[in-house]
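What follows are several structures.
In what comes next, chain A is part of two complexes: it sits with chain B in the first one and with chain C in the second one.
Showing the complex of A and B:
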């Protein structure tokens, strides 16, 4: 029943989840943490693509709709995280400038 | 009466989601009118939620198929008593606390985030679809992070980022579980998952549960909560602790007591109970050591969430009685905690500090805020006649009914711990004010009176336990 496509996508998905989790555990810096969560998110979505094709034949459209929604959600959350990081960097810059002036 | 009212009633579940959702967009487009919009939509949303609760209490659970598209492609909503009760609780707290919010400047999207959080909570409570719940959880996470970050200070941004990372990781685990569940069972509907079992369903349950524990800050995954709830503006802290964390707990209850009966998970349920005991002890220990009032209140949330998770094994064995007790406890905590956070916010605004040693003289200078904190404490500790007492009482009865008396012992010990922690934190308020301060009472503002009114809601839940319990248990597990 399992096709070559399923094996390839499932392996890639699990590998991406692992890489993301490893990166998240090691990351100290906010930007790295965001990238690591993104890698893990893509891993979950790739695994879902694999699950959609599991039965062979036509892929399941419901799972594909879920993956698309998941991509949109992950992109929005990443945008928010980046906005927060940028705002923090901006505040740090202001403080540094104040420090030099004083 | 007649067809108009019936048509409105039929669309009530979706209206409860659409009202705050449309309001969020309207507040973004018209930032100058945001406060007025918030007030009007708050009342509309509360009336709609109250009507739904009254209807469910009278006629039983109500379903809704969004856009007429049947599942699995479409999304079904399902309002049973538990969901309707939580939706009503959310509407009341969101409206009352929202009326106190004073964003730094108009146009910073505070009310937009506020109303998005409300809409997302309604989605999570009302959806009968594990994937739609995921979307709701993500929207809720993004809106809550924006609320935490809204003061714009570095500690607030730092706490918001940490909250976001925890929330995203939690939702990913939940999503993985939901996908596994769909792949193995062929449905995402909670109603259709009742008898799901087998290894894939067990793995899905494990992934979803760990993700939700992270999202609702259950010990030992609670690290993000004190910072986020301690840094947010007071009205936001009030709803974050009052209802937002309960959305994850609600899903854990659903998954562990209502669905997936095929998974033999009694041992794992006891493990969840043990995590609850850990949360109770650890939250109390950290609250004992905290130096700021808002941090004490935030750690008290970590501790109180312990009770809500501890109830999972009881929900599986004692059923409805445990559900009634734990929902009473959850609602009483929501009111008491919101009242405490609003009172702490009033203290912080007046005194520019919420460090415990600066609370001296609070009882004589800000008697209303101090009284609100006292009333909140009565319910958090679980003294009669509060809802906290009635909830614990029902849970203790439920644990004796299934011969699990050790849970009863934990509930009683937890009350003593909460009492010690909160009385330690509030004791300086009874001391005389420093000589250089004026000692006469200051005129109480709207935020103090609102804090008191909300905290009194927790007391009122004790006498109202009967109707609340009939609502919560309507159309639920036998």
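Showing the complex of A and C:
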């Protein structure tokens, strides 16, 4: 990968970070906020993958290791956040049902 | 020249697609579109990463971003349909300012790196013979930065423990979303995924692959299994879950402490047995990562499904 490739994908990464920040600040809905954070996270990871490949030769293994760790950690954090969203929706549903009964 | 131009065109197209999808994802007013487009971004991103010499990262991203998170996002969307938090989203100026500032700071930070010498590839290559493996990324994960991997396994375990506090698991899907073709597909794909995960784990010592990629692949297989299961049912909580989920942390802690008797340092594998120790640690990490991620998709404490669940409420 040449430096042209690095510039192309790093720019895309930065644009994704911007999209994530925009979505995070704009959304009021929890699900949208979680997706927006994940878009920004993908932007960060793409920038890192581009950074790892910028040398032209073998990619930087330390950066690749960090990206792998980041992928797994962000997937588990997202799973926990979505479990919270589902739990909130469930509780709200019960609340509504109670309201109708009483 | 012709090939270079075609490669450049491909790179620009991929990058532009990802960016366009990213913005579409956060701008659209349709919550389902947000989720669907995000899954699309993860897949296009995986293709882009193969262009950046990272095929194994691409595989992990496709399994985790599109597969695992995709399934979870769709489940969360289905459960919160019709619920909108707060008033309609009309704010533009504030978010746009934040996005512009973030991009400017990130761009300013990255600009000096264009044309700069690349990272630590040479240093790692020079010290590879001090580890038990010959693939540099695996060497970094289980040898040079083994402590990072241990802490990362702890994060996974903490996320699972927190999810289990939220109550009993509820079915991922209501009703059946699939037909006979999907079931037939899973029958073929499931064993292949298990073999692929084992191959990734084994080959990780010498070529792209390793515990993370194998764990992600195995977790995706687990999600497939969950999806063909009519009510998203899983066997009730047992010690098997707890042991499998904590196997990675236990192995890293146990082996890491054990080798201090030989080398005097935590997680510093003795060179004579480094290959075998790394393989054991990686296998344990694969099982832990796969179990934890799949259980995170289940989204709560697995309970015996006899009649209605949710005794606590």
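Before moving on, here are some points about what is shown:
As a convention for this text, the second predicted complex is superposed on the first by the 100 of 102 C-alpha atoms of A that agree within 3 Å, B and C clash if a C-alpha of one lies under 4 Å from a C-alpha of the other, contacts with A are read in each partner's own complex, and residues count from 1 in each chain.
Everything below uses one rule, namely that a residue touches a chain if its C-beta (ideal position, glycine included) is under 8 Å from a C-beta of that chain, and two chains touch if they have at least 3 such contacts.
The structure presented is a predicted model; accordingly, all values stated were derived computationally and were not measured.
Partners chain B and chain C, brought together by superposition on chain A, clash. When the two complexes are overlaid, the chain among chain B and chain C that reaches more residues of chain A is C. When the shared chain is aligned, chain C comes close enough to touch A:6, but chain B does not. Using the contact criterion defined above for the overlaid structures, shared-chain residue A:37 touches chain B, although it does not reach chain C. Contact with both chain B and chain C is seen for A:47 once the two complexes are overlaid on the shared chain. Of the two partner chains placed by the overlay, only chain C lies in contact with A:64; chain B stays clear of it.
In the overlay built on the shared chain, the residue A:80 is in contact with chain B and with chain C. Residue contacts after overlaying the shared chain place A:26 against chain C, while chain B stays out of touching range. In the superposition on chain A, chain A positions 17, 24, 30, 34, 47, 51, 54, 61-63, 65, 69, 73, 76-77, 80, 84-85, 87, 92 are in contact with chain B in one complex as well as with chain C in the other.
Of all residues in chain A, only 17, 24, 30, 33-34, 37, 40-41, 44, 47-48, 51, 54, 61-63, 65-66, 69-70, 73-74, 76-77, 80-81, 84-85, 87-88, 91-92 touch chain B in the complex they form. Interface residues of chain A, counted against chain C in their complex, comprise 1, 3-32, 34-36, 38-39, 42-43, 45-47, 49-65, 67-69, 71-73, 75-80, 82-87, 89-90, 92, 94. Against chain A, the residues of chain B that register as touching in their complex are 72-73, 131, 134-135, 138, 141-142, 145-146, 149, 152-154, 157-158, 160-161, 164-165, 168-169, 171-172, 175-176, 178-180, 182-183, 188. If you check the complex, the residues on chain C that touch chain A are 8, 11-12, 15-16, 18-19, 22-23, 25-27, 31, 34-35, 38, 41-42, 45, 48-49, 51-54, 56-57, 60-61, 64-65, 68-69, 72-73, 75-77, 79-80, 83-87, 89, 91-92, 94-96, 98-100, 102-103, 106-107, 110, 113-121, 124-125, 136-137, 139-141, 144-145, 148-149, 152, 155-156, 159-160, 162-163, 166-167, 170, 210, 212-213, 215-216, 289, 292-293, 296-297, 299-300, 313.
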